[in-house]
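After the structure tokens below, expect a handful of questions from me.
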Amino acid sequence: MTILRKIVPAPLSTAALVVIWVVLARSARLEQFLLGLCFGVVIPLATARLSPRARVGRPLVVARYVVTVGYDVVVSCFQVAKGVVVSPWRLPRARFVVVPLELRDDVGLAALAMVTTIVPGTVWSELSIDRSAMLLHVWDVVDEESFVAHFKKRYEAPLKEIFE
Amino acid sequence: MTGGPLWAEAVAAVLLVTSGVFVMISAFGFVFLRDFFLRMHPPALAYTLGSWSVAIAGVVTFSLLDSSLELHPWLVMALLAVTVPVTTVLLARAALFRQRQARAPDVPAPLGRLGPR
Amino acid sequence: MTLLSAATAFALGCYAFGSALVLVRLVRGPRAQDRVLALDLLYFHGMLTMLVLGIRHATDTYFEAALLIALLGFVSSSAMAKFILRGEVIE
Amino acid sequence: MEALLALVIGVLGGAGVWLVLRPRTFQVILGLALLSYAVNLFIFSMGSLFIDKAPLVIAGVPADLDHYTDPMPQSLVLTAIVIGFATTALFLVVLLASRGMSGNDHVDGTNEDA
Amino acid sequence: MYLAALLSLPFAGSLVTALVPTKARTVLAGIASAVALLTAASFGALFSRVRAGGVVSERITWLPSAGVDLVFRLDGFAWMFALLVTGIGALVALYARYYMSPEDPVARFYSSFLAFMGAMLGVVLSGNLVQLVLFWELTSLVSFLLIGYWYHRADARRGARMALTVTGAGGVALLGGVVLLGRIVGSYDLDVVLRAGDVVRAHPSYPVALVLLLLGAFTKSAQFPFHFWLPRAMVAPTPVSAYLHSATMVKAGVFLLARLWPVLSGTELWFWAVGGTGLVTLMLGAYAAMFQNDLKRVLAYSTISHLGLITLLFGLNSPLAAVAGVFHIMNHGTFKASLFMAAGIVDHETGTRDIRRLSGLLTAMPITGGLALVASAAMAGVPLLNGFLSKEMFFAETVFLSSHPVVELTLPVAATLAGIFGVVYSLRFGYQIFVGPAATDLPRRPEEPPRWMRVPVATLVLACLVVGIAPETSIGPSLATAARPVVGGTLPDYDLAVWHGLNAPFVMSLVAIGGGAALYRLLVKQQRHGRFSDPPLVDALNGRRLFESALVRSTRLARAALRIVGPRGLQTQVFAIIAVAIVLAVLSSRDVPLVWGSRERVPASPAFAIFWVIGMICAVGAAVKAKFHRLVAITMLGGAGLMTCLTFVWFSAPDLALTQVAVEIVTTMLFLLGLRWLPMRVPGLPHRRSLRDRARRARDLLLAIAAGSGLAALSYAMLTRPAPGSISPFFLARALPQGGGANVVNVMLVDFRAFDTIGEITVLGAVALTVFALLRRFRPAKESIDPPEQQSAVPADPETDLVRPRAGDKAAGGYLMVPAAIARLIMPVALLVAMHLLLRGHNEPGGGFVAGLVVAIAFLLQYVMAGTQWVEARARLLPARWIAVGILLAVATGLGAIVAGYPFLTTHTAHVRLPSIGLVHLPSAAVFDVGVFAVVVGATLLLLTALAHQSLRARRARATRRGGGA
Amino acid sequence: MTASPAHLFVLPIVLPLAAAASILLFGERLRRFVSFLSIGFSVAGLAVALEIARWTARAPHAVGVYLAANWEAPFGIVLVVDRLSALMLVLSGVVSLAALVYASAGWSRAGVYFHPLFHIQLMGLNGAFLTGDLFNLFVFFEVMLAASYGLQLHGSGWPRVRTGLHYITVNLLASSLFLVGLAVIYGVTGTLSMADVAANVALVPAVDHGLLHAGAAILAVAFLIKAAIWPLNAWLVPAYSAATPPVASLFALMTKVGVYTLLRLSTLIFSSDAGVSARFGAPLLLCGGIATIVFGTTGLVASLRLGRIAGFAIIVSAGTLVATIGFGDVALTAAALFYLVSATLGASALFLLVELVERRDGGVDPAPEPDEVVLVDEDTNLDDAEAPLVGRAVPFSLALLGFAFMASALVVAGLPPLSGFVAKLGLLDALAAAATAAGAAHAAGAWTLFGVLLLSGLVATVALARAGVQHFWAGVARPPARLKLAEGIPVLGLVLAFTLLTVHAEEVLRFTTAAAEGIYAPKVYIDAVLSAKPLPGPTRPNVEAEGRP
């Protein structure tokens, strides 16, 4: 078991690489799987010292989170699109919002940044040096406090579960 | 062009049109909104729906073409989700910095150390 | 002209026109961050164009170029952003 | 479209030449970069230009220049791109060295504006 | 090879003396004299073979295809000259032993002296005209070394250079003349040339050839207007002057006139050119000599005059005159050498050469004085001395010449006048310094020199006397032998008697001596009153001055011209290059109008039309913004690059598109890294540009438009003409079956044209090494060492995320925390994609190059986001090693083919059957591609990280500065 | 046709590349060992070049063809060896060996990576001489240039960087022009193999002649820049005189690559068989060459520093060579090739000497002699101190330097008795023949060149004498130079080389005459290249059945 641990220190990463390889190769033949596995093992080993040390748990939470974000992206897309179209007549109520954070993990915070970026309507603008808060620019917000609460519950909490 | 069934072609066509429309809207917003932070929002439309619909159209088209599931266009989607934030985060931070330097109005103060020490 | 080729033509047209709009920001600015974002968007439109051309011609040939933009296209624009912020790309 | 492409090559080349003639090193390096785009496109345009006929051999398709784009200019451009990249990098560093040693960024190391 | 051996004797002596201890004067002089004597004796022994017009000839083949062999040819004339050269050489070598200072390291002197003797002998013995030129130039060179022997003195350097310049110029002309003459005759062989006089004189190129040859002869023999170098050459040690200006160097010119006399003389042109020059030189030299106050300069001008006399004699187109010329060559050599040596003794003993200070030396040095008086009498043409004889023959020639009446009238008068002048300067040299009251204020107290120093002078003076008294018996046979070849084999009638009766020539001699004595009195009187210390009237004709000012002016003029035609500014050079390219391209195609072809056009695409317009706007925008808004210009450049890339995609060039994308990214990074070190440039207030500035911009704009239009027109013409019968189908047909890959472009890169690729990666490697080497010595400008504005603007508040986002090699924090985390996530994926591109390249778009770039970019991303120290603490990249390994892999792949018996870089494919996978094809081209990959990774990383390291160094520099300041 | 020896022809390219890579593997450690390794490779390279020359000398008009990667022309890249290329290879072997030995005495340590860059430069040079493919020529030009940039900048410092910037810019422009010209030629003829282009050029349809000529003209400009033809040569003297001596010495060969290429392509592609394109550009080459000689001569007059003089001497020699190409005359070309060898060796030696001489001057520019700048009166005593009439002893090292300098100067100025004189004689003789031949087409040009050559030789003599006097004579008070053995050997080696060249002038002339005859009969070359067959082999089963599709 320890030998396997040594060879495959990050099984998730290895798995992801194998999947990406097979998808890229556009072929599900055995040789591609083996080749993918080969790279999936070698690359994490080679870049071990350059790679993040992330513990990722709770696969179910991950799946649910991905679906949530995906759904939110689509919905927000239409909202922001509409806002853009009507912007010549009515500007959105955009403002900066400070969101206090409990998440501390590097990768978790990176994931949060990804989420805020890909979900239209929010722009990650600043992170306090002690990671205790972030500054978001929000496209259209009426009530700052409820937005913060909504944001923390919907996006931060699951990440905390996953990464910590 | 493609040998796939019409429905698939229709799905792909709709997705492509969607992509085009969203890209147009995002570009429109990017050009005509007057505040930089406002302008940072519309590109997200293109980064997300604009590309996702193309990726799905690609998956549909290629899968039918090769009569096997071809997921590689999806890879573009996934990679974009990871990489796009880097530029956005840095650019927003840079804009904030420059606006603070210029002492522009309506710029929030630096966050500094907010939480409990 | 099939449905799909019409749709791809439309999409390509949108990307091109969108790029032309973005070009306005690239040329006019006003600030450097606008231009960097504009370049990032241009790259993104270019990537979409490659993907759609691939769909239009039913070929995988251009996919890798698009993949490369998706994977590493951000490097130059984020380096520019960092340059704006710090005046130095690699510290 | 041929005329437009030719125009593109001309404009890239012209802008490059204009910049190469300028007195600041940075202008010159940008000019060289633009010039290399122009030259690469120029070489590229020597082959027969086709849409969707990449030189990736498909069994059963006749191997001639009616069914594939000419691979030769492509391979030449590929080499030219690489060499262009290398020389641009080199020029940049020499430019920096010159800037560091002369204290200014004039191509002749003199500080007069021209 | 008797002659060759004889000729090599002085050269061998030269080598030997060069190796002897420098101050062994006696040994050195002994060697030199012995060599000269031995050679002279050996030549003397050959008298019987040349006496009756015989010719001794030897040939060493050297350049038969150019018609040039080393031919050593001794006829009577050469024999006489060889004796003169070696005989006087022996005497001078002996004399120099006593003349040169004991402190002088004379090995160099004797070595050069013997080399000169050899060169001069070479001229004399040449049986091939080219060979003659060869030795001729050698005499110029060695005389340069001899005249400049005391090169620590500025006048020695100057005199030597002037002599070399003038005689070298003559040598060049001579070479031209010889080549022409050879072309006219069809051979350089002297025997052939000497027989071809009629052909030569009738040839249309004769005048040109003659002028060139005469230029050679006249410069060497110091003929007007090239005479000025000779007085300057008096800075040489006196033995050198005695040798060069009596029997050797300057005699080479008249030797040439005599040597080619049968071929070239006999024409009007010859008469006027040679005779005229000789006459002018004769008069001018004699006239100027009268007024000189330096002993050696009197001799120098008299030498000029006597050479003019000899030249005049050869120019008279009369065989009798030519004989007189030959005779005077001998006589002048004898008395002039003795006079120079006497002058040297005077200088040596008294410490001065100033005639005005010297007087009555006869009491202090009676023997030397007597010898000098006799020799100067010979120079003056006093009867019973050898100078009288040849001068008499000359007078006779002037009297009996039949030519134009004016010439017939003026020539005797001029000759007499020259004779008068000659008497005057001879008196000044001899009478003025030796007779009269003894001088009292000399630097040194004069006494007789060592005996062996007088012996050479005495020997020569004896010769003057013997010849002067009994010419027919003493010199008659030798003169006949020497003169016969000069006049073409048949000697004219002449009589060498001392007394021919009271005829016109004798009267002329008397007039000359009497008039000379009178004029001398007059001159001395005038000079006592301080007048005529410079020669009147001829100052305006000062050739030396003209020559020197010409040299100085030409240097200045050349520099001015160079500033115009060889500008050092880069912009002008670039302008010239582009303008020349445009002009030549237009000129070469002007006969054929540019015709647009009729190839089927590409279907229009509005989208790409827009993209291209964007590309053009970006290009123009980059051009406009490059001066003040560099970052903007870079973004614009990126836009243009992207459009180029899309063009590749649209026109079916996936590999190009891939590569272009990757290169774009790296290039942008590169520019950004460089931007840090460039000076801030802010657009000042809109100032009015100067007119010149605006004109230059307009000019540049026009050129840019011309270049752009040219390129556009050329590409449009190419785009529309029907495709030629290209070689490309070959590649399309063979890529898969024989190259083993479906991606033809890649197969071309790694197989068909792998040789290009090996060069290409070498370029990349070389550039990376260069950049690394250069940046190791990089020294940023002072203001660039300071942190960029943005960093110093950050408030000194540690609470912001912008301050020190990382400490040393700790992971990034602050504003970089998120980007760095994402960058780390991307890393493995990027490497995987790189492997994907590398492995599929042979069949699909991809390949080692783009894969390498992807890896490099992935690492650079880490540098950007996490910082140099963090990355380098975790990964030893060793880029140079990557380059080396990559190139070696590529080379090994190529050599593998050789091992297998095929040409370098031939691809092989290994077919491996693996369990449960089946047949796997492993083409060697894949290994080659891995080599490419490694080089690209190494080179790109080396390039960019070397730049990145500069920021660290600047920080370190700041730290030391602060530390030093504190 | 003699059978080509296996793989010999590729060695001049592979050997230096392998040298560069293996030296690079050692990094900057083991400097002594690396120096020996480097020199060893260079000696091997010279041996290979000599062997190739021997091979070409064996058969009259021998043309050896090497199919790199086993693909036949015009499809693959071929290396072609004839006497001309063999001559150039030997020359590059000699010059590079001398420069390398010299550099190993110390200059190689003025910066990093000297040896790898040096060998890469050598690879580029040799490749340019060998390749039979236009684009491959471009690649080898780039290899050569890329390394030359590094070598030119070797040791860094402001003069090198400033001139290097110009040098690089100009060469990058030249490369762009090269590519444009090459692309047009490919577009018109559909091929890149020089032999195939030559074979097809007569068949180019009339409407395309304008394009072909425009392309050729643009291509020619690229080579003219490299050959340092006026007005495209202002970069040369500053760049060369700023470079370290061994590098400048090697660079003496670089302009000759431009000349070689012009000669090769003009004789091959625009031969007398090329129909309307026959002898395209010849008058231009003549005029440009003469203008260049005049320019270089002017420079010689203007220059006092030895480095600049050597640079202008290179320009003069390049002008001379290019002008002779304009005549298209066998005898003249033969003489010109001899001249090429001689002038290159001379200039190389001069560049090596520059530093040894100027080191004596303590790196300070020599003060001009008084009469350099102002006229002095006849009676002005130029010796302030009334220097005594006692000669100075010359230390051995200085004597050696002086001797070597004089020998090199003789060669450069074309004075007897060394090879420069033979070369000049040959040129003049051939020019006179060309001018006086019945119905001579370029009599005026020939006479002009004749005169210009004579004059430039004279000016070179004067300039070199002036410089020599300045450096060796004027500064007697300065301490003598300390000469290292490794610096003396290559200098004397070059002197020996041109002495040998003089002694064996007949053999060399015969060789160059055969070379000239060969290049003016390009059919042999073309046939040899186009008829070379690949080995039937691993992937080439049925070679005989293949032809041009």
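Each chain gets a letter, A, B, C, D, E and F, in the order it is written, and its residues are counted from 1.
FYI, contacts are C-beta pairs under 8 Å (C-beta built on N, C-alpha and C of every residue); 3 or more make two chains touch, one makes a residue touch a chain.
All of these numbers come straight from a predicted model, not from anything done at the bench.
Novice: Counting one step per pair of touching chains, how few steps separate chain B from chain C?
Specialist: 1
Novice: Going by the contact rule set out at the top, which chains touch both chain C and chain E?
Specialist: Both chain C and chain E are touched by B, D, going by the contact rule given at the top.
Novice: Most central chain by CA mean?
Specialist: The most central chain, going by mean C-alpha position, is F.
Novice: Taking contacts as defined above, which has more of them, A-B or E-F?
Specialist: More contacting C-beta pairs are found at E-F.
Novice: Using only Cα atoms to place each chain's centre, name the chain farthest from chain C.
Specialist: The most distant chain relative to chain C turns out to be E.
Novice: Cα centroid separation between chain C and chain F, in whole Å?
Specialist: Centre separation, chain C to chain F: 48 Å.
Novice: With chain centres defined as C-alpha means, what is the inter-centre distance between chain C and chain D in Å?
Specialist: One centre to the other, that is 20 Å.
Novice: Counting in whole Å, what is the centre-to-centre distance of chain A and chain E, each centre being its mean C-alpha position?
Specialist: 73
Novice: Averaging over Cα atoms per chain, report the distance between chain D and chain F in Å.
Specialist: Roughly 29 Å, centre to centre.
Novice: In chain B, what residues contact two or more other chains?
Specialist: 26, 28, 40, 47, 72, 75, 79, 82-86, 89-90, 93, 97, 110-113 - these are the residues of chain B that touch more than one other chain.
Novice: At least two partner chains per residue is the criterion; list those residues in chain E.
Specialist: Touching at least two other chains: 568, 570, 574, 578, 605, 608-609, 634, 650, 652, 654, 711, 714, 718, 723, 726-729, 731, 733, 753, 756, 760, 763, 767, 770, 774, 777, 790, 799-802, 815, 818-819, 822, 825-826, 829, 833, 844-845, 947.
Novice: Which residues belonging to chain F are in contact with no fewer than two other chains?
Specialist: 135, 139, 142, 146, 149, 153, 156-157, 161, 165-166, 169, 173, 180, 183-184, 186-187, 192, 549
Novice: Give every touching pair of chains, nothing left out.
Specialist: Applying the touch rule to all chain pairs gives A-B, A-E, B-C, B-E, C-D, C-E, D-E, D-F, E-F.
Novice: In the complex formed with chain D, which residues of chain F make contact?
Specialist: 135, 139, 142, 146, 149, 153, 156-158, 161-162, 164-166, 168-169, 172-173, 175-176, 179-180, 182-184, 186-187, 192, 549
Novice: Where on chain A is chain E touching in the complex?
Specialist: Touch list, chain A to chain E: 13, 17, 20-21, 24-25, 30-31, 34-35, 39-40, 43-44, 46-47, 49-52, 106-107, 109-110, 113-114, 124, 126-129, 131.
Novice: Under the stated contact criterion, what part of chain D meets chain E in this complex?
Specialist: 1-24, 26-31, 33-34, 37-38, 40-42, 44-59, 63-65, 68-72, 74-75, 77-79, 81-90, 92-97, 99-101, 103-105, 107-108, 114
Novice: If you look only at chain E, which of its residues touch chain B in the complex?
Specialist: 790, 793, 797, 799-802, 815, 818-819, 822-823, 825-826, 829, 865
Novice: Provide the residue numbers of chain E that touch chain C in the complex, in ascending order.
Specialist: 605-611, 613-614, 617-618, 621, 631-632, 634-636, 638-639, 642, 645-646, 649-650, 652, 654, 657-658, 661-662, 664-665, 668-669, 672-673, 675-676, 787-791, 802, 806, 815, 819, 826, 829-830, 833, 837, 844-846, 850, 854, 857-858, 860-861, 863-864, 867-868, 947-948, 951
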